[in-house]
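You will see chain A twice below: alongside chain B first, and alongside chain C after that.
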Partner chain A sequence: MLEQSNLGQAFFNSFMIAIPATVLPVTIGAFAAYAFAWMNFPGRNYIFLALVGLLAVPLQLTFIPVLHFYVQNLHWTTDNLEATGIPGLPWVPLWLAHAGYGLPFSIYLLANFFRALPSDLFESAEIDGAGTLTVFFRLVMPLSVPAIASLVIFQFLWVWNDLLVALIYVGSSAEVAPMTVNLANLTTSLGAGSNLLTAAAFFSMIVPLIVFLSLQRYFVRGILAGSVKG
Partner chain B sequence: MRAKWYRRSLIVPLMALFVTVGCAGGSTQNAGSVKVIAEWASTEQANFLSVLKPFEDSTGIKVQYESTRDLSAVLRTRVAAGNPPDLAAAPNPQLLTQFAQQGKVIALDDKIDMSQLKQNYSQSWIDLGTINGKLYQVYSWVSLKGLIWYNVKAFQAKSYTVPKTFDDMVTLQSQIKGTGTTPWCVALKSGGADDGWPGSDWLKEIVLSQSGPDVYDKWVAGTQKWSSPEIKAAFTTWGKVLGPGDDSNVFGGSKGITNTSFKTGGNPLFTNPPKCYLHNQASFITTFFQEANPNLQPVTDFNFFPLPDITASYAGAHVVSGDAWSMFHDSPQTRKLLNYLTTANAQVIWVKKGGKISPNKQTPLDSYPDPISKESAQILVDTKIGKYDATDLMPADMRSAAWKACLDFVTNQGKLDSILATLDQVQATAYKSS
Partner chain C sequence: MDFGVLLTDLPTLVVVILGVPALIGAYIVGSEFLVRRLSDKRRPQVRPWFWVGPALFLVAAYLLLPAIGTVFQSFENNNGNFIGLGNYESQFANFPTGGAWVAIRNNVFFWLIFYTLFTLAFGLILAVLFDRVLYENIVKSLIFMPMAISSVALGVIWNFMYQYQSPGESQLGTMNALVTFVLHHDPVSWLQDQWPTPTFNILNNLALIGAATWGITGFALVILSAALKGIPADLLEAARVDGAGELTIFRRVIFPLMMPTIVVVGTTLVIFALKAFDVVYVMTAGNYGTDVLAYRMYNQLYTAGNSGGASAVAIILLIAVVPVLIFNLRQFRAVEARR
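Our next item is the complex of A and B:
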């Protein structure tokens, strides 16, 4: 079964797509959210508003212009990228696309979370001589683990379960297609073969289950307990 | 200093990425490959790949086959973005016709071997792929619509005979009804937006056989009104089959029709005693017969007859459908592959695996694996008036409205006039937007 329908390869591809496509928007989103929450720069609120507005743009709207840009301006077709022989390169357009689709939400979620951190913390850190990056890595990140964990779950599940975005940007050739595309191809055009579909769908479900169960304890952990003394 | 270290660590790999990809962009084109996209997945994909194998072995050209069940979305996006495949096979030529009108696909007249094509295909198949006088689409595998399936043993037990004319069929159905059994099984459920399409099959076959190819063509093109006497007559003829006014000729009545999936719709033929004796569906339905009742054998347990001719002057008219090939990118390799796909040698490979019929005159009838597909191939070869599935050729809005109209008609036949008026309204706008 695994051999016959290329399920093993597709499983690997799904990881190769989902992990960078989760890490990218969460990392960039965290940096940006910190800036929006705690740094002063002109037009901060307007830029933030514009970003939140992007949440309402249906991603289907972006397929043609983004793909056109990839193909016509950058020459990033799956063929060209595969021809370089560098492993992972064919997924770069997809990673960037997923990062773009995920960023508005991750910035919005994290900025709201960061804003709620007590300002005393930042003042005392500044008095102790910490620079912006030190505050970010030593203070904000450790305190925001629950928010980041939930964001990672959201983003990972979305990318893992995505069919359409992968179909548009990388297509369905076996070397690059993720699980979802492979599953959709298990049935014939008349719907025969749905028995295979349920079994394979369960196989694809295991990963999101593991991700959720291993990260869910962060949801319930006390957020700021004991972080500010006296 | 720390800050700089962080910044640099991010920038360097990003730069490296963009530079490598940027360089890769220029040098392209693997010599000798063809990109093909179609809807065939799973076992169909395996069958198609076995068709390609001899071609790849003999020419050395590599065929990169991609399959997707969401062909129209993928194809539309790729074409609009300037990244189309070389060849595509679409089960719905309306999309390809649209591409042809926009100049996105290439006319095949001087690209493929036309004399070979004319030897292999009857003129009606070439006409089906011709748009504005130029050939844009060719067919490799097709299916025949309007087959009436029956349970052979149940027919013999009651000594019913296969009707030769439409009137015979009406007599037969009242004969069956007289014994207290519903003569027909009709199932229109497909899953969400596609509900109703099996009903539109009925309609197309009746329009073509009753009113002829000219009305059919005008109907497809949107110049024949739905409320015109010809199309209205098709609905009432269908109503005569279903049971005038109340669907009383069908197992389960109107509720049964709208709530039964087309996949299982024919199964009551094989219960003991049968719940119905006749079922209209395309040739693929045998897969579902045998899935539900693995012991059934073609010809001894189930068989079919083509929907009898309604008007004698249009005898031998049949509705067909199939996957049409269109060329998006011209290269010597693509031409070679398309030429290969129109030969009997290529088509016969899938024909032997079952489930497909070749429109090619040179395909030997002996190569069909079972008597049923051989018989439908025989009908297809003998077809005098071949017309492509009408709703597949109509714009998407018109198509969904027609499917829905079939459901509405079955639910309440008395509302026919208002159903037709709604269809006329859709017709007035649907053809403009496409």
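Our next item is the complex of A and C:
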């Protein structure tokens, strides 16, 4: 029975969606947060304020134009992307969307953390002749492990548990749809198959529960960082 | 179960796990290489834009521009012709049951009030009651755990809780087992019963909100409990020495001191309430008068094929969120000013 419902494929898809959709906003967000915290450029404070405003904007507001652009202008339908045969390509629209939606929170959290690092650190590094990349990867990153860890957990769980975004962008095809879509389909299509449903629900919960139980400390810290996620 | 796919689809696995980080790394190293070739004076002017560039591009492409696009689209019909307020007229038609009214009522009234209040109340009560209890951390972990699972799984769990069998049969749902066994009342079909009246169906909406509250209480609990631990012990000590009872201390000392945190948690919950989708999608599909704005938008877009109407619903949602948005920005500015 479980084979019929494509559970293994959906489980795999969930990972293939969640991993890049976590890596992208965290790394790109870290670059941007570093610039917001320790570089000077015109309009810096206003752009940051705009990002804070975007934290509260409902994602629902963005789906229709993005979907329209994907289908009409880029021809990025799941079928087209699968036809190219390039591995991973069918998920690119979803990765980028999750990255865009996750970035305001990721920048907000990391910039606040980076800003709190002592400025002497950067001055002495500069005197020693360290380049921007060295400062970022050898100094800022190792010092920010707690903040980055909590952000990674947050984003990973958010993407793993997301139904709406996946439903909108890849909802119709079982080859790329994640666990949550699969599970939601089971609830509506198999009225009497509660044995199957519970098994599928258990599988969808097991990964986040493992992540949560093993990294609880960071998870709570991420929440306490004061957050409004769009 | 076919977990063979985890191994057979190796190229995908490699591309996804190694390719994406490699691409990002190449970008930042490459851009730094380019920046180094500039003159000393130009370097600090150009470098920040390489660092914020990808982020600003993605945020603009996926949040800012589409949001603006939706505003325009809400004034157009499906062929892209301008029709003024036509979409809004059809969404606001036939008060109180037609158009988007049911969804608006549920979101702005039931969800906003009950979801926020229940979660804050439970979070606050649990935070205060379990403070300084020996097994506090275990309790917190347990209450927090639903935060980790998806709302879809939450909906599946609560569908079983609310299951209904006809009177006389043995009840499989926990809620109905309680109702029949303890209260000797006929079983209630929690998700379908539009008690008290179909135009003001509190019961099934509260059933959905209850399920959602179960999932989010841990969030409120963790933040409120951290705020509670931040209250200086000598303040409470002083109040006790002055002979204040524990209830008075809670009302006059703890509660006012926690107010800023309660406000922050409250605004976050208001946004969650307005954006509710998954629970409704899984448990009732918006039937029986339980529609919400996010679900109605999805429905208009996919089932009715009405992108103009869907945009209008999204804008209604945005208007509901705007006060919170302004409030957040003011809070942020106030915090920045204190730095």
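In this section, the second predicted complex is superposed on the first by the 201 of 230 C-alpha atoms of A that agree within 3 Å, B and C clash if a C-alpha of one lies under 4 Å from a C-alpha of the other, contacts with A are read in each partner's own complex, and residues count from 1 in each chain.
In this text, contacts are C-beta pairs under 8 Å (C-beta built on N, C-alpha and C of every residue); 3 or more make two chains touch, one makes a residue touch a chain.
Please read these numbers as outputs of a predicted model, since none were measured by experiment.
Look at chain A after the overlay: chain B and chain C clash there.
Counting the residues of chain A that each partner touches, chain B and chain C differ, and the larger count belongs to C.
When both complexes are overlaid on chain A, the residue A:Val145 reaches neither chain B nor chain C. When the two structures are aligned on the shared chain, A:Gly131 is found in touch with chain B and with chain C.
Contacts of A:Thr187 after superposition on the shared chain: both chain B and chain C are touched. By the touch criterion defined above, A:Ala116 reaches neither chain B nor chain C. By the document's definition of touching, both partners, chain B and chain C, reach A:Ile168.
By the document's definition of touching, of the two partners only chain B reaches A:Leu74; chain C does not. Legend: residue contacts after superposition of the two complexes on their common chain; A:Phe63 is shown touching both chain B and chain C.
After the shared chain A is superposed, the part of chain C among 163-171, 217-225, 235-243 or 271-279 that runs into chain B is 163-171, by C-alpha clashes.
Judged by the document's definition of touching, chain A residues 63-64, 68, 86, 131-133, 164, 167-168, 184, 187-188 lie at the interface with chain B and also at the interface with chain C. Only residues 2-3, 6, 17, 20-22, 24-28, 30, 35, 39-45, 64-70, 73-74, 77-78, 80-83, 91, 263, 284, 287, 291 of chain B touch chain A when the two sit together in their complex. Those residues of chain C lying in contact with chain A across their complex are 1-6, 9, 11-17, 19-21, 24, 28-29, 32, 36, 44-45, 47-49, 51-52, 54-56, 58-59, 61-67, 69-70, 73, 141, 144-145, 147-153, 155-157, 159-160, 219, 222-223, 226, 264, 267-268, 271, 274-275, 277-278, 281-282, 285, 293-294, 297-298, 301, 307, 310-311, 313-315, 317-318, 321, 324-325, 328-329, 332-333.
Partner chain C is touched in their complex by these residues of chain A: 2-3, 7-9, 11-12, 16, 19-20, 23-24, 27-29, 31-32, 34-36, 39-41, 44, 47, 49-66, 68-69, 86-88, 91, 95-97, 99-101, 103-104, 107, 131-133, 157, 160-164, 167-168, 179-180, 183-184, 187-188, 194, 197-198, 201, 204-205, 208-209, 211-213, 216, 219-220, 223-224, 226-228, 230.
The touching residues of chain A, counted against chain B in their complex, run 5, 63-64, 67-68, 70-72, 74-77, 79-81, 83-84, 86, 89, 92, 131-134, 164, 167-168, 171-173, 181, 184-193, 196.
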